[in-house]
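First chain A sits with chain B, and in the next complex the same chain sits with chain C.
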Partner chain A sequence: MNADQPLFVRVYEYMADHSDELIGLIGDHLAMVFCGLALALVVGIPLGILCLRSEKLAAVILGAANVIQVLPSLALLALLMLALGLGFNTMVVGLFLYSLLPIIRNTYVGLKQLDRNLVEAGRGVGMSPIQLLVKVQLPLALPFIMAGLRVAAVIAIGVATLAPLIGGEGLGRVIYSGLNMRNDVKIYAGAIPAAVLAILADAILGWLQGRFKKGSHAAEA
Partner chain B sequence: MIVFTGVKKQYDDGFQAIKNIDLEIKEGEITVLIGPSGCGKTTTMKLINRLIQPTGGSIRIQGRDIASLNPVELRRQIGYVIQNIGLFPHMTIAKNVGVVPRLLKWDKDKVERRVDELLGLVGLDPDTYRNRYPSELSGGQQQRIGVIRALAADPDVILMDEPFSALDPISREQLQDELVRLQQELRKTIVFVTHDMDEALKIADTIVLMKDGEIVQADRPERILRYPANDFVKSFIGKKRLQSAGTELVAPELAPSVDDVMVEQPATAFPSRGLAEAVKLMERRRVDTLLIVDKNRKLQGTVSIYNVLDQYAEENKTVADVMRPVEHTVPSGTSLAIALQLMSAKQLSNLAVVGEDNRFVGLITRGSVVRHMADLYASGSNGGDAYASVIV
Partner chain C sequence: MQKKKLKFGVGLVGLVALLPLALTACGGSKGDTLTIGAQTYSEPKILAEMYKALIEDKTDMKVKIKPDLAASKVVIDAMKKGDIQMATLYSGEIYNGYFDIPDTKDRAEVLKVAQEGFDKNYGFKWYDSYGFENTYAFAVRKDVADQYQLKTVSDLKDHAKDLKLGVDTTWLERDNDGYKAFQQAYGISFGETFPMEISLVYKAAGDKKVDAVLAYTTDPGIKQYNLVTLEDDKHFFPPYDASPVIRKDMLEKHPELNDIISELIGKIDAKTMGELNYQVDVEQRSPDEVAVEYLKQNGLLD
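Up next, the complex of A and B:
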C-alpha cells in the first residue's frame, strides 16, 4: 500500500483487499440489528396495543421505554455487559431495548389515530376484539408501525458499531482497530459501509412504508 | 319483533341517556327513531346490537332476551349501517360486502356469489366494482355498499344509524327511494335513526319520536301528522307539514279566483320593440315569453324566445312581426279551478287574464300557482282561527 496515494484510493484498495473480512463483518452487523429489531417488534407491538387499553398503562409503558431511550448508548451497553457478560447476545439485548420506544410509540399512535367509526363498524358487524385488531386496526396502523421500524433500524445500525466494546462483532471492529492504530484508512473502511447500511435501510423501509400506506388507504386522497 | 321493556341507560356520571323505555318494533317494518340531538335515539338503537349495554330492563328479539346472547354472535345476526359510511378503507368492495359472511365462515364461492348478487341489487356492476377500494367510489355509491354490507348475511333485523345524513341531497333522495324499493322485496325489520323529519315521513312505517331519553309518541306517520301528541311533536313535525296533511279541509266556496293568483306585472313589451331589446328584456326578467300589449294595454299577442331567435338576424324586424296571437285568455274574476282546467287541457304553461276590451290585467303561470299555495299554507299556520272559520 502506497502512503503517497490519495486517501480515497487507499480506502478503496483496503476495502478491495479485505472485502471478505468486511462482508463477514457486515453480515455480523446486520445479524445483530435484525435480531434486535425482531425482538423489539415481537415485544413492542403488543405493548403498543396494551397502551391503547388505558391511558395510565400507556403513560407507564411509554415512560419506561423513554427512560431506556434517553440512557446514553455506551452506558446502557456497559450496564448490560455487567449483567449479561460479553458477546453477541448482550448486544442484541441492547439493540432491542433501543428499538423499543419508536415501535411501541408508533404502534400506539397508529392505533389511536384510527377513525373511531371504523372501529365501531368492525364491532357492529360482529368482529371479536382479536378479529377487529387483526383485520382492521393493525392493517390500518401498519404505515405508522413501519415508520417506527424505520427509525428503530437506523438507530440500531448506528448503535451496533459499539458492539466491539462489549465483545461483539460487526463493522465497529474495523473502526475501533483503526482508532487504536491511528489508521484513517481503516476508520473509513468501517465507517463508510456502516453509513451506507443506515442509508439503505432508511430508503428501503421508507419505500415499504409508502407501499403500505397506499395499500391501507388505497388512493384515499 | 323487538320488544323493549322498561329499558334504562344511565352513565357512570349519572346522566340518564334512556329513561324507562317501552317499545315494540314490528317485524318487517321500517321503524324510524327520530328526535333532536341528544334525545337518545342512537343509544336506543345501539342497545339492540349491544354496542351499548342497558342498565335496566330487557330487550327481546323474537322472544329471546338479548342479554343472554353472546354480543359478537348477536351482532353477526343483525345488519348494521353506520353513519359516515364506515367502510374499511384497506379492503376492496367485495371484501367489505362479504365481511359478515366471512366472519360466519361461509365458503368462498358462496360469499362471492352473494357479493355479486348484492352489488346487482343496488345497480352496481360487479365486474366493475368488485375489486375497487371504497375511496374510488362516490359518497352515494359508498353508502350503497354500506347498505348491502348490512344485508350480506341476510339478517332479519337491520340497524341504520343516520345512514344518509352525510350525503348530498340528490344522493340522499336516491338512496331513500332505493331503500323503500328494497324493503318492498326484502321485508326486513329495519330500525332507522334520523333527525330529518322529511326522511322519516318518506320511509317510515312507524315513527318513534324521542326527547330527553323518553318516547314522546310512537305511531304511523299519518297519525302523527294528524294527531300530534303535544306541542313538542307539533313543533318537531313543523307547521307546514301539519297544514298539508289537512288540505282537504279547505272549503270549495273559498276557492280563489284567477285575480288572486295571477302575476300582475309580468314581462310585457310594446309591439314596436326590436328583437334584441326583447331578448334583453327576457334576460332581465328571467322569462322565456313576453306578452305584447299596446299603449292602452290591449293584448296583441305573445312572443317566445324561440320566435325571436328564429328571426334574430333580421335587424329591422320588431316583435310585432314575430308575435303569435294569444289563443286562450280568461276574463278577470274566473275561478282558479276553471283556469287550471283550461291550462291542463290545452297544455298551457301560462294563461293571460283580460278585462273589458281585451285589456291585459295579469298572467297566471305555474310558478304563480305554486306561490299561491305556499302563501295559503304559511298564512293558515300562523293562526288556527283562519282554519276554524273555514271548517265552520
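Up next, the complex of A and C:
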C-alpha cells in the first residue's frame, strides 16, 4: 500500500483487496441487526398494543424502554455478557433492547392516533377485539410502526459496530483493528460500509413505509 | 388490505425464521480448540499470536484468538464463563475488586496475590511474568517538559492546572490507582481531563490537543510522538506485571500446554515488548507476522 496516495485511494484499494473479508463481516453485521430487530418487533408490537390498554401501563412500559435506551451501550453489553457470554447472542440481545423503545412507542402512537370512528365502525359491523386489532387498527398503524423500525434499524447498525468489544463479529472488527493500529485506512474501510448499510436500511424501510402509507390511506378512504 | 397484511406477515415470519438459524450458527464446538482472548491494544494480541503459533506447532489443538475485547474485566468475565480459556493479564488487575486484597504495592507480593486469588476464586492458573510490566506512567510533550523543567510527577504540582491531560476511559473512575486516589497522593489536579480510547492519547499529545497523557509504559506511542515519561517518585502506580493466564480445567485436559506456556515466561523484557508493539502500531505490521518472526529469531519455533 502506497502511503503517498490520497486517503480515498488507499481506502478503496484496501477495500478491494479485502473484499471477501469485508463481505463476510457485512454478513455478520446484518445477521446481528436482523435478529435484534426481529426480536424487537415480536416483543415490541405486543407491548405497544398493551400500552393502549391503560395510561398507567403505558407509562410503565415506555418508562422501562426509556431507561434501557439511556444506558450507555457498552455498559449494557458488558452487563449482558456476564449472563450470555461472549459474542453473537449478547450482541443480538443488546440490539433487541436498543430497538425496543422506537418500536413500542411508534406502535402505541400509531394505534392511539387512529380515528375513533373507524374503530367504532369496526365494532359496529360486529368485529371481535382481535379482529379489530388485526384487520383495522394494526394495518392502519403500520406506517408508524415502520417509522419506528426505521429508526431502530439505523441505531442498531451503528451499535452493532461495538460487537468486537464483547467478542462478536461484524464491521467493528476492522474499525477497532484500525483504531488500535492507528491505521486510518482500516477505520474508514469499516466505517464506510457501516454508514452505507445504515443509509440503505433507512432508504429501503422508508420506501416500504411510503407504500404502507399509501395503502392505509386507501383503506381509510 | 388483505394483500398488505399478508406481506407484513410474511416479512415478520421471515425475520423470525432467520433467528434460530443465526443463533445456531454461532455455537461452535469447544473440543480441542483453545480460544485466547485479547484486549484492544496490540501487546496481548502479539502474545496471543505467539502462543497460537507455538501451540499449533507442538500439539494437534486449534487455537482461536478473540481480539479487541473491551477491557480486562471483560476478558476475565469471559474466561470465568469459559468462552475463552486463556489471556494475557497484568498483576495490578487485583485492584479492581475481584476479591479482598492486602494493602500492598510490592511487585512480587502483588503477583503472588494475583496468582493465589485467581486460583482460589476463579480457577485460573496465573503464571509468573513474561518478564516485563506495562504500568501507567505520566508522559508529557517534549516542549512541555522543557518549558516547565519536568522530570518527576511531583514536578507537575505547580503547572498541572494549566495542562490538559489525555487518559484512557477507565482510569478516571478506578478506585485504588485512579484519578481520585492520585489527587490525594500527589495533591495534583489537572486543568482539564479528556477520557478517550487508550490508543488515541498518544496522537492527541502529538497533535498538541493535550499536553500530558497517562501512558502505558510499553506503548510505542511514547517514542513515536516524542513524549517524556515522568518518574513516579511517590510510587503511586501499582505494578502491572504481564503474565499468561489459563483456566485450570483446560490445563488438566491438556497438560502438555503447561510446558508450552512456560516457554515464554521470563523471556520478554519491557524493551523487547516495546519494540514488538512498535512494529505493529507504528510500522503497521500484522501481530501474527511480528509474533512468528520473534519466535523464530529466538529459536522457539523452527
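Everything below uses one rule, namely that the second predicted complex is superposed on the first by the 218 of 221 C-alpha atoms of A that agree within 3 Å, B and C clash if a C-alpha of one lies under 4 Å from a C-alpha of the other, contacts with A are read in each partner's own complex, and residues count from 1 in each chain.
Please note the rule applied: a contact is a pair of C-beta atoms (placed from the backbone, for glycine too) under 8 Å apart; a residue touches a chain by one contact, two chains touch by 3 or more.
What you are looking at is a predicted structure, and each value in this text was computed from that prediction instead of being measured.
Aligning the two structures on chain A places chain B and chain C side by side, free of any clash.
Superposition on the shared chain A places chain B and chain C such that, viewed from the Cα centre of chain A, they span 160 degrees in steps of 10. Touch criterion met: A:165 reaches chain C, while chain B stays clear of it. Applying the stated contact rule after C-alpha superposition, one finds that A:139 touches each of chain B and chain C.
Of the two partner chains placed by superposition, A:108 touches none, neither chain B nor chain C. Once chain A of one complex is fitted onto chain A of the other, the partner contacts of A:96 are absent, as it touches neither chain B nor chain C. Touch criterion met: A:182 reaches chain C, while chain B stays clear of it. With both complexes superposed, C is the one of chain B and chain C in contact with more chain A residues. For the pair chain B and chain C, the model built by superposing on chain A gives 6 Å as the shortest CA-CA distance. Within chain A, the residues touching chain B in one complex and chain C in the other are 135, 139, 215, 218-219. Those residues of chain A whose C-beta lies close enough to touch chain C in the complex are 31-32, 34-35, 37-39, 41-42, 74, 77-78, 81-82, 85-89, 92, 134-135, 139, 142, 164-167, 172-173, 176-177, 179-183, 212, 215, 218-219. Contact residues on chain B toward chain A in their complex (touch as defined above): 49, 51, 72-77, 80, 82-90, 99-100, 103, 133, 135-136, 149, 159. Every residue of chain A that touches chain B in the complex is listed here, in rising order: 117-118, 120-128, 131, 135-136, 139-140, 215-221.
Against chain A, in their complex, chain C makes its touches with residues 1, 4-5, 8, 12, 15-16, 18-19, 22-23, 25-26, 37, 40-42, 66-71, 73-74, 77-78, 81, 83-84, 197, 199-200, 203, 280-282, 284.
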